[in-house]
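These notes open a run of structures that come right after.
The two complexes that follow have chain A in common; it is paired with chain B in the first and with chain C in the second.
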Partner chain A sequence: MVGYIVPEIIIGAFASLIILLNYTVTQRKILGYLSLLAVALAFVSLFKLPRMTAWGIYAVDDFAIVFKAVFLTVAFLVILSSLKDINKREGEYYSLLLMSLMGMLLLASSIDLLMLYVALELATIPSFILAGFFRDKQTSEAAMKYFVFAVVSSGLIVFGMSLLYGLTGTTNIYEMINRLELNTVSILASLFLVAGFAFKMAAFPFHAWAPDVYQGSPTPISAFLSSASKKMGFLAVLRIFYIALSPIANYWALAFAILAALTMTYGNIVALSQTNIKRMLAYSSIGHAGYIIIALALLNTKVAIFAIAAALLHILVHAVMKAGAFIAGIVAGENIEDYKGLSKKAPITALMLTILLLSLIGVPPLAGFLSKFYILLSAIYAGGSVGYVLAVLLVVNSAISIFYYGRIISYMYWAKAENETKINEPLSVTLALIIAVILVIVIGLYPSEIVNYLQKAAESFVKGL
Partner chain B sequence: MSALEYAWLIPTFPAVAFVLITLFGSRWGERSGIVAVLFTALSFILSVFVIIEVLSGKELTYENGITWISKESVGFAEEIFKFGLLIDKLAAVMLFVVAFGSLIIMIYSLGYMHGDETVHRYYAEMSLFISSMLLLVISRNILLLFIAWELVGLCSYLLIGYWYKYSTAASAAKKAIIVTRVADIGFMLGLVLLYNWLHTLDIVEIFERAPKELTEEQITIVSLLLFIGAMGKSSQVPLHVWLPDAMEGPTTVSALIHAVTMVKAGVYMVARMYPLYVLSDTAMLVVAYIGAITAFMAASMGLVRIDIKRIVAYSTMSHLGFIALALGSGSIAAGMYHLINHSMFKALLFLATGSVLHAVHARSIDIRKLGGLWKKMPITAITALVAIVSLSGLPPFGGFWSKDEILAAIKASAMHEPAYIYLYYLTMVTAFLSVAYLFRWYFIVFLGKPKSKEAEHAHESPAIMTVPLIVLAACSFIVPTVKLFGYDEVVSDWVGEYAPYHLPHLTEDEHEKIAVISAIIAVISFLTVFAVYYLKVVSSETIVRTFKPIHTLVNNKYYFDHAYNYFAERIVYVFSLLLDVLERLYDKYIVDGIAKVTLMFGDVIKKLQTGKIQDYVTLIFLGLSVLLIILSI
Partner chain C sequence: MKDLIMFLILSVIAVVSSLFVFLSKNIFRGALSLSLLLVTMAMFFAMLNAEFIAAVQILVYAGGVLVLILFAIMLTKEREPSVSEVTTSRAVALIAFVVLSLFYLAKHTWEKYVPEKEFSATGASVGTKLFQTYVIPFEAASFLLLAAMIGAIYLARRRG
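Let's turn to the complex of A and B:
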């Protein structure tokens, strides 16, 4: 029985199929549609997955399902918006995207350090090539930076993991919990892991690659990196830290608290002075990572489960919002000047982007408000100096962020463009935007079911299957 | 299939009409009126089914609300936002009245607003107005009620200022929204306190828990704060000043505001929260006193006005006072009975007034320019007479019976709280005045000779306007008979489920005595007016001269407007000038300062981003080391 890895099998099979078809099919559009089909099939199969653990390294729990759903949703939006953009070497592009996606899906279920590391690399390595996909100077530089960074952080992660193995003699995170003791080495190991995964999460000061890479990569790939790839960091941290490293929780939670405060403040403030939209979104993404890290800093308190649910909600919502915002850039352009008068030039894109930006600001009743609200709530319930300081910072940063998001909205609707010729709005891109907007609105209006499920998911992974 | 399950559609229909007309109205033009009427009619039909079902004993509180953030999902938080609907007998009765009145007024509008240029805006706003009022009636959550309440306020602002080209209309709209907003502060405070003490805003839950968990003082405070909101909406003294000015809107708007929506929202809210009010004798007494004073002042001011619509407006205010008085005297049945009666007659009277104004092509007019319309507009004249007779409380029409009920309730309350007895005498005086000012209005407008060119050329309005008048006049005969079908129990029994409550009762003898006295007063008053304005035994000028000081006081509207203006100009304005200076300084140095510093900070630390990968990797290890150092300390 291999029922529990059906989504991965579907994605893997289609990735191979597409590479093969790349050299035989003349109707190259079909490759894009095939990958869409693959993602859709994998998504459907999520509903039928049995809950179980296999070989002590692979677990299908609600927690994993949530992340798989996030990755698949983002991948769907990214592929949909790529249909127009990518018109050479499609086979390569889509199969690499699916490979990376497969790595993410595997990562979501990994409960063993080795498995987790391999899945992480499987997800990361194809994205180097995707980041440099256009092969011009700018994207190549971006890909190079991304590669070097990823390798350094991989090194940190492996180092941390090997220390943990040395201390406990196991790589299974649920077994590690009983064997880990508080000592200098275990703290050191946890810090290496923090640093390594902070790279993935793009947390300050491990963030520096993100703006350069997002700016340089093809726009759909920027969306993929910021919405899916980045979330792997949170996934791995939740799994490893909250379970395996819980005996030394007080130490790393403080580290995360510091990271959260720095990251959200840094991201939001630097975003203020950006003139390139992709860079601005990259910094805003860093800011939002800071919000999620708040939840990580609360993992040693009594509200941990609630904080995890809040983090999951924000991960889900942010993935959708940020993917949508990047995708809008495919139509609108990269420079902030391009957004002047966009409501005339591309009315649908402008409207959809406005809703997404409002959600990013956190305007009720959109989803972005709710997820931030839940994080704020968990920080306040956690209380103590850490909880309150982070809550205040979250609110202050949200206020700062209104400026740079609002500026785009005001440019789109109130600034005059130099030429007001209509921009073509490709159907596939518009469709991706509409899906994102619908998700943002629906989650905003009916959050209870989702949050209840997320809380169940948080509980499921704490207990282990 | 139960109509109650679909009750949420009742406010939804006009809301849909609002959206449709907003989107396509400019294309539809006057045809948007038909859309508005159709959707209002749907609401009315559904409300008929609802009231039949509720009265047939299907006591149903509709609890399936929409939950936005559920208790479970917030984990250990206390708060839930739950928006539910509550349709018990009180709500069903009110729902029916509102839907019926709105429908008639909307149909009438088709004729009255004919030829107006921006008529689609009128229909859009009217639809939203009706929708919000219907929502207000069936809200189960007091927060939802408040939202609907504010929407009602917003729509009244938009519609009073519908002819915003006229500066008087624009400022009347502003006055309405400002005065009611001041009152809403009271409402909001009440809401906050309720939530603070009971941790719920669900009306049913409040009823169930308030008697057990709140002290009498707390209940008094909350009820009175909520009543401040009602005072603004239902134009009770001293927050009544907006209502007479609100006549600047189209007459149909006045009809809607006065008969079924805006001003009824306030007293309906008091009736809705009645189980809370009956727990506090102080609150009841205050409500009764404010109501009685309002009724008296309004009636006296109505007697000296000369503007055709303002007199009718003061009449509304006076009757709202009666309703509040009835509620304050412990008789929700009398209050609601008077409310329903008043809805029918006032809608009728306003629409008749509208018919007159339509005939003389005016927004409003000095009554002394009219006269002799009896022959030229017979239908209008007769239907207006029906409204007048009933409103003024002449036997044997509906108004007489509801006034009688109110007097009986006061008398009964006076038996255990002596303070009520003064209200009894004051109300007798008011009853005298109400007959007087209404018949004065009628005699001058419809009888005698035409006193201007417009009045001479007046002619009857088209059928689209007169048919609603006839329908309403017919209803004015039917409505009072509801008393014969156990009406009292319908609107009052539910209160007893939550709080110890008995309708105040008098012996038959006492009751008869009151009826006879009030009938005699009404007849004397009628005869006096008849003598002055028809037979002209004494000229009205002589009376004015005789009572000069009183006339000046009343004619200046008891100086309420003067006092408010003085307060606004001398105190609020000076204070605001002072704040303005502070605000500018604050804005320049603190607000802009923070923004500038933040932006500068952003520009500076942006330089960390050198673009060189070597720097970035160095940064990683720097960060790692710093974390290590912090944690090792």
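Let's turn to the complex of A and C:
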């Protein structure tokens, strides 16, 4: 009966349990382990989920499963890497993290604008508090910036949605297709939605909050924001634009093409001059958002299904790589100077970070190469001036990114550190890094199964259940 | 005819009170005229046969949200509020935005898509929708409130 919503129920129940236990349990470690258990249980339950639609607002299709798996994986890595500073984190930390995760899981299945909006807010509002969790000046500033930008973008999204509802008389995205016509108001609605979701995706010129927020937040939360929260924007855009707004696809596809070109170029060029690692990763994450938006720009072409599969692959791979790269910063530090001679100070972290950075550059046979390659292929298959320009820009930007990723690798292995005292590498953080690296390698080595499944997922979501 | 006269009276009240919200220098008076605007909105809903929404509008907005705003004003009373000046460029931008959006919205025919005619906003029908079709977002919203509450208590609590 309620089989379709089991992962969300598990996460919600544990979130409530943890907040209750927070005031009775003296050992805070237990709360961390409980939340890890919740995420693991929810992940296992994904394999048993029935494929169905409930009430016409909630669909469990393969597309939703892919995103749920991404969110749960990132949350697992984030919680694992948070276990290090047990005393700094109170029970609210894990509880709010799980509630935000619950919102993301719900969002993955939303096929109704109302459901989608509530889930989006459930995922976003706890993350304001998480961004400012240490309540010092730095994290509070990050939280405040994040709050203001997220609320403005939510306002734009709601306005766009209300116009769509006024035009079509329905909030179900599959019913909208037949009722939506091309006119000024539907263009206006899609403009509001593009702008609102571009904030969530941190696409240029709506990116300004991302570097400040990622830099100011506690490092595991930076990983959570860039690897999970940001992916919600792509998820919602794929659902709303490719399905509901398909009658006016030619208009918004062009907007996404422009956004993609600007976003990847801007992100990669600004990343070159950063000296703070978290800031650099934030700009690189803007660049990668640009790569994913390439696929969104191809949704009105004949290769749309392939482009969606490529986007899903890059979303999955980038989430793991970026989470891992941020988590490495917990051990190594934030400043680029801290990375000099890291191979001597913290050899395991340095090795893992090197593999993740190579994957971010796109070195075969790692997963980052594969996913970029598929996006490139879909741009070339799509052809036309838009496809070829975006393909060329993707290659050029990948070349630019070698410089700033490569600089960290060269600092770690070839630069001399001022003091070469060993840094303690906590087991939990190392474990999170190893999981990320294994995922990156395995996806890179066995692509065909995953790509086939993603293609199936893309098809399932186009048809509807 | 009766409806038209009623609508015109309410419109004048709504427009004047919303102008007063951002023109008045005294923030407390601004909040009070906002409450007038919200009550007028409730009357509009009542005129459209949406009694339930009218009641919710008064309960949630005129009741809850406004009390929250007044509390916020009272708690931050010591600080001098910074009222931004109405410059020419801002006024032009505002007027241009209003005129353009009115132009686009007026050009469009909305009657064609009156949403779900058979659905009447009585308590029973709203309850059925809320606890059947929309039970998942309803529960999600309750988690959302819980998260906001936990977060607010956490941020307000003293460290350690």
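Assume the second predicted complex is superposed on the first by the 462 of 465 C-alpha atoms of A that agree within 3 Å, B and C clash if a C-alpha of one lies under 4 Å from a C-alpha of the other, contacts with A are read in each partner's own complex, and residues count from 1 in each chain.
The rule we apply is simple: contacts are C-beta pairs under 8 Å (C-beta built on N, C-alpha and C of every residue); 3 or more make two chains touch, one makes a residue touch a chain.
Quick caveat, the model's predicted, so the values are computed rather than measured.
> Using the touch definition from the top, say if A:255 reaches chain B (first), chain C (second), both or neither.
first
> For A:221 in the superposed arrangement: first (chain B), second (chain C), both or neither?
A:221 sits against neither chain B nor chain C.
> Once chain A of both complexes is superposed, is A:59 in touch with chain B (first), chain C (second), both, or neither?
Once the two structures are laid over each other on A, A:59 reaches no partner at all.
> Answer with first, second, both or neither: which of chain B and chain C does A:269 touch in the superposed model?
first
> Of the two partner chains, chain B (first) and chain C (second), which one does A:179 touch, if any: first, second, both, or neither?
It touches chain C, and chain B stays clear.
> Now for A:145: first (chain B), second (chain C), both, or neither, which partner does it touch?
So A:145 only meets chain B here.
> May I ask you to decide whether A:400 touches chain B, chain C, both, or neither, giving the answer as first, second, both or neither?
The answer is first: A:400 touches chain B but not chain C.
> Using the superposition described at the top, list the residues of chain A that contact chain B and also contact chain C.
188
> Any idea which chain C residues touch chain A in the complex?
104-105, 107-108, 110, 113-116, 132-137, 140-141, 143-144, 146-148, 150-151, 154-155, 159
> Show me the residue ranges of chain A that touch chain B in the complex, using the header's touch definition.
Residues of chain A touching chain B: 144-145, 148-149, 152-153, 156, 187-188, 191-192, 194-195, 198-199, 204-206, 208-209, 211-212, 251, 254-255, 258-259, 266, 269-273, 303, 305-306, 309, 365, 370, 374, 377, 381, 400, 403, 445, 447-448, 451-452, 455.
> Can you list the residues on chain A that touch chain C in the complex?
Residues 5, 12, 15-16, 19, 54-58, 90, 92, 95-96, 99-100, 102-103, 106, 114-115, 118-119, 121-122, 125-126, 128-129, 132, 135, 165-170, 179, 183-185, 188 of chain A touch chain C in their complex.
> Would you mind writing out the residues of chain B in touch with chain A in their complex?
Touch residues, chain B against chain A: 67-70, 72-77, 595, 598-599, 601-603, 605-606, 608-609, 611, 613, 615-617, 619-620, 622-624, 627-628, 630-631.
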